[in-house]
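You will see two complexes here that share chain A, one where it goes with chain B and one where it goes with chain C.
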Partner chain A sequence: MDPHYQHLYDILAHSQGYIFPNEIELQWGILIVVYPFITGLVAGAFILASLERVFKVRILQPTYQIALLTALSFLLVATMPLISHLSQPQRAYEIMITPHSSSAMAIFGFVYLWYLMVVLLLEIWFDYRHSMVVWANEKKGIMKWVYRILTLGVSDISPRTVRWDRKMGYIITVVGIPSAFILHGYVGFIFGSIKANPWWSTPLMPIIFLFSAMVSGIALVMIVYMVITYFRKKVIDLDVLDSIGKYLFFVLILDFTLEGLDQIHRIYVAEESFEIIKLLVSGKLYLTLFIAQGLVGTIIPLITLVFLQFYKHKIRVRKTMYFIVSILVLIGVYSMRWNVVIGGQLFSKSFSGFTSFKVGLIGLDGTLMAAFWLILPIGILAFLLWLLPPWRMVKEEEEI
Partner chain B sequence: MKFYVPPQIPRLALAFAIFITLFLVLRHFLVPDTFGKYGHYRAASLIDNAQPEIHYAGQQACFKCHQDIEDKKAQDVHSEIHCETCHGPGEKHVVSSKVEDILKPSGREFCGSCHIINAGKQKSAINQIDLNKHNVGKNCIECHNPHQPWEMKK
Partner chain C sequence: MSQSTSAMGNEKIKTSRRKFLKTATVLAGAAIGYSWLKSSQILLFAAEPKDESLPWYGIVIDIQKCIGCGNCAKACKNENDVPAEPFFFRTWIEQYTVKNDGSVNIVSPNGGIDGFKQTVPDEDIFKSFFVPKMCNHCAKSPCVQVCPVGATYVSPEGVALIDEKYCIGCRYCVQACPYGCRFIHPVKKVANKCTLCYHRLKKGLAPACMETCPTGARMYGNLRDKNSDLVKFLKEHTTQVLRPNLNTGSKLFYNALSSEVR
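Let's turn to the complex of A and B:
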């Protein structure tokens, strides 16, 4: 048989029931799972940072810069899964230079650019400006010039100027909160607006994505904070963990409730797509939805966090529990992205059959590529922490 | 009192101005030449898309030689099924006229890929056969002419 359609027959052997011809192959693979996951981490980490800045949760101070730098390092990579998925990296920039108002993805480019340039970079710049001027004066050789370039040549650190840094930083954070909401709400919108797909098409989608983003971002910052403190051989501040844990708990409850409402609504309304969705969640998505997302990613962390609110275990145990809970939550949110992206393509829009999905290992759309885009931000974060160490920042006197 | 402008703000504004100018300059050079000629896309992409090798010829090309099959097909339930649905891509065969360049499927499994009993399909739309019960051991085309399925062979 001609090899160029031989593989279609191979995949066809794995489909069940009746499907339309264009549903045999999944168009959105594992990299489209990674993309909303990374974007969610960015939005979540930023929202945690803004808690400290805008809502004056002073206890979270040690995580403020860590959260911002985490958000930046993941944001720098956020578009990469999309570009490698499209397999046309040499043309990827065209979406930015020839945007059209009718293209949701092109508008996303601008939401992304706004968030990167106007929110994150500016906030970090204003936050670090004072310290970078001081570092530029302290260091010798090439690092002196690196910091000098980073300050854009402004070396004024008079109290009045530094006060402006703080003021501007505050304003940007206030603008940044809705921006972070828009950034990730937009990712949800891209799925929620596909009205032909009953698994995606719900106005709740942006909100569900947003809350799961906050859950994953908060969990990630908790892990990053613990790992950094461990490598610096300092003591992990349990009050910080408790308070991040508290926010994680609240947001996780909200997330769980919203997703629960979405499912209850689906079950009660029981539209014509309900039968196939019932088969989908009890069959192909059983492991990733009920076990990974529901049990491992939501129920177990929730119960653990409830326990941690009421019972005061030994410090060591509490730290370990927070660490494990964060990892479980990340697994849960990743599974949620999987269930949405892959799940939505597994069933036929004829509502009478399923196709199947096998993840490839190599290639621009394979597992290794996805793993690479998930590991790269960690390297970028390590570099940023080396370049801009939060623990060496110049302490400023508190505002009166 | 003189209005105070913190020194970092004009510098930042300058950096943004440079960035935006750079973007506009780059954009000038990066937008593909033929972009916007017909619409909001690169006109040359039409030529790109015309390049791939052609695999399917379309049934009109088949009927130029196989008019007898066209007549047979027109009389029965497979009239709407195009030749290449079963015979595979035919462009090569159209050019060469060689038998080995076209697929001649046979076997119960092949017919079953459409006609196997399947709860997901409407019975009124397509005849469904339980391959485990219907004349086991015989090939479908021993009785049915695939081009005219209800014209049973003796």
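Let's turn to the complex of A and C:
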């Protein structure tokens, strides 16, 4: 026995029932769990930011730039788990230069670039340009040059130009909302369009992905806002938390309803894959689906959020509860990604058995690597907040 | 006088504006219609035989003839440089045993290469049979549809192939194949699958699995040639494809396929 294949023999020993012989090893591992989780955070954070900008929810103003920078930090990393998961990563560029028109995956690069270059970077640039010009004039040495380069040489800060900046920022946000929907709805479509896999194949998949993305993005921005305010030694604005909490509640309800609808539909129509899926959710996915995603990530946060609408006494308790709710929601959405990606590969397409999956700790496809791709954006965010502190921005007098 | 001129002028402008709007609407409509048709072509995926002079290959597997000797799977591995470990197969054989209580026992130890041993006691067996599996060379291949770079494609003869120098190893095709026919080659690190021994077909030789089958349970041929043995077989037998509900355009037809098989 070749020791190189030892892990496959181990998996084979743990498989149950009959699986096709090529199905022993899972094709998509933990990195592909991390990827939709990250893009979901991006789309969700952006949609929260657009609430302030487009729908004029002024109370969310303190979180606006934070949400945008959070989205950018995670988007910069989003491709990394994908590329490092390829068996031939050095050929990744082929997807951009020779995309196959009938492939859902081929559009990835374009959706990604559109979102990064046209939506996020441009919006942040228009937002910060005025401040960056002012900072370039205030600072000395290398930072002066950094800000000067970041303005791309556009140093006009006459009221007319600044008004133009705001107007452009607004237009981009309007374009950005459907873009954010496309970015993440598209990720859902990658799974939802695989008709060979009954656990994935549902037209609801893009919508479910989208709503869970909004849930996770909103929760993340809430956490980031609280942590930043803590480190800045400022007072956390409870009205802001209440407001975010309200949106989180509504979106979580919608998300829960959609996922519930998906499952009820599955049970009621009970197609040929029903028996194997029933075994899947009651067995290998029990902990991550019912406990982590359902109870911890949805039911407990929902009840807590309802409770917080009525309980208005101890500020400290409420803050702590919002913080915990956000963490729980993030755990729930991560579990949802796990249940989709890993769950969809655990049962055989023969519908007659299961393979098994154990995440390794090390290696390109291991837990440490996945954790790295999740922690890296936080580092990038810290850097961006230092470079472009929202709280030092030049106040605009006019609003569109 | 001047009033009537201006009236005429207004009229003229109105007419030309209307004309312009009409033309613009028609043009825009045509553009939208065309792009819609074009995009629906992108959404709807199917390979079609284009070159009339080339064959359009189909396969028949006669379940009644398969004895489960495993020679086909062994020959395939030898011919196509498939690793010997029991996790990589371009073709394999499954043994189905339907028990008297209605339950089904399916096994494929080492893809059937070493043959089979019946583990279910005789008195419990309702029926038992072997099902050889291989790429279905679908005309509407889900695997070809999803490949992001077009590294997997359908040859002009209707054989689903992979360009190994081009595959990026995203594994989307492996996910998309409902029949479990694809795997990632552990050495080449790219997708791998049955090519219907395309290299042999081009030389006029039969695929290795068919060449070696002692009972002639596997057959390939030109679906366009109405006089071919394959078409004659299809005419005289009631055949079925696997997972017909998925509309993959499978060109692998099974004779005497039992409903337990997926």
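As a convention for this text, the second predicted complex is superposed on the first by the 387 of 400 C-alpha atoms of A that agree within 3 Å, B and C clash if a C-alpha of one lies under 4 Å from a C-alpha of the other, contacts with A are read in each partner's own complex, and residues count from 1 in each chain.
Here is the rule we use: a contact is a pair of C-beta atoms (placed from the backbone, for glycine too) under 8 Å apart; a residue touches a chain by one contact, two chains touch by 3 or more.
Nothing here was measured: the structure is a model prediction, and the numbers come from that model.
Chemist: Return fit or clash for chain B versus chain C, each positioned on chain A through the superposition.
Modeler: Superposition check on chain A flags a clash between chain B and chain C.
Chemist: On chain A, which partner touches more residues: chain B or chain C?
Modeler: More residues of chain A are touched by C.
Chemist: By the touch definition at the top of the document, which applies to A:269: first (chain B), second (chain C), both, or neither?
Modeler: neither
Chemist: With both complexes overlaid on chain A, does A:362 touch chain B (first), chain C (second), both or neither?
Modeler: neither
Chemist: Considering only touches as defined above, state whether A:235 meets chain B (first), chain C (second), both or neither.
Modeler: Neither: A:235 stays clear of chain B and chain C.
Chemist: With the two complexes superposed on chain A, say which partner A:352 touches: chain B (first), chain C (second), both, or neither.
Modeler: both
Chemist: Give one of first, second, both or neither to describe whether A:161 is in contact with chain B, with chain C, with both, or with none.
Modeler: The answer is first: A:161 touches chain B but not chain C.
Chemist: For A:153, using the defined touch cut-off, is the partner it touches chain B, chain C, both, or neither? Pick first, second, both or neither.
Modeler: First partner only, chain B.
Chemist: Once chain A of both complexes is superposed, is A:142 in touch with chain B (first), chain C (second), both, or neither?
Modeler: Once the two structures are laid over each other on A, A:142 reaches no partner at all.
Chemist: If we overlay the two complexes on their shared chain A, which of chain B and chain C does A:129 touch? Say first, second, both or neither.
Modeler: In the superposition, A:129 touches chain B alone.
Chemist: What stretch of chain C clashes with chain B when the complexes are fitted on chain A: 20-28, 92-100 or 200-208?
Modeler: 92-100
Chemist: Which residues form the common part of the chain A surface touched by chain B and by chain C?
Modeler: 2, 4-5, 12, 17-18, 94, 98, 100, 350, 352
Chemist: Considering the complex alone, what residue numbers of chain B touch chain A?
Modeler: It is residues 4, 6-9, 11-12, 14-16, 19, 26-27, 30-32, 35, 40, 42, 55, 88-89, 103, 113, 118-121 of chain B that touch chain A.
Chemist: Hey, which residues of chain A end up touching chain C in the complex?
Modeler: Its residues touching chain C are 2, 4-5, 8, 12, 17-25, 27-28, 85-89, 91-92, 94-95, 98-106, 108, 190, 193-197, 345, 348-352.
Chemist: Considering the complex alone, what residue numbers of chain C touch chain A?
Modeler: 42-43, 45, 85-89, 92, 94, 104, 106-108, 111, 133, 142, 144-151, 166-172, 174-184, 186, 189-190, 246, 262
Chemist: Under the stated contact criterion, what part of chain A meets chain B in this complex?
Modeler: 1-2, 4-5, 12, 16-18, 93-94, 97-98, 100, 117, 122, 125-126, 129, 152-154, 156, 160-161, 164-165, 168, 350, 352-353
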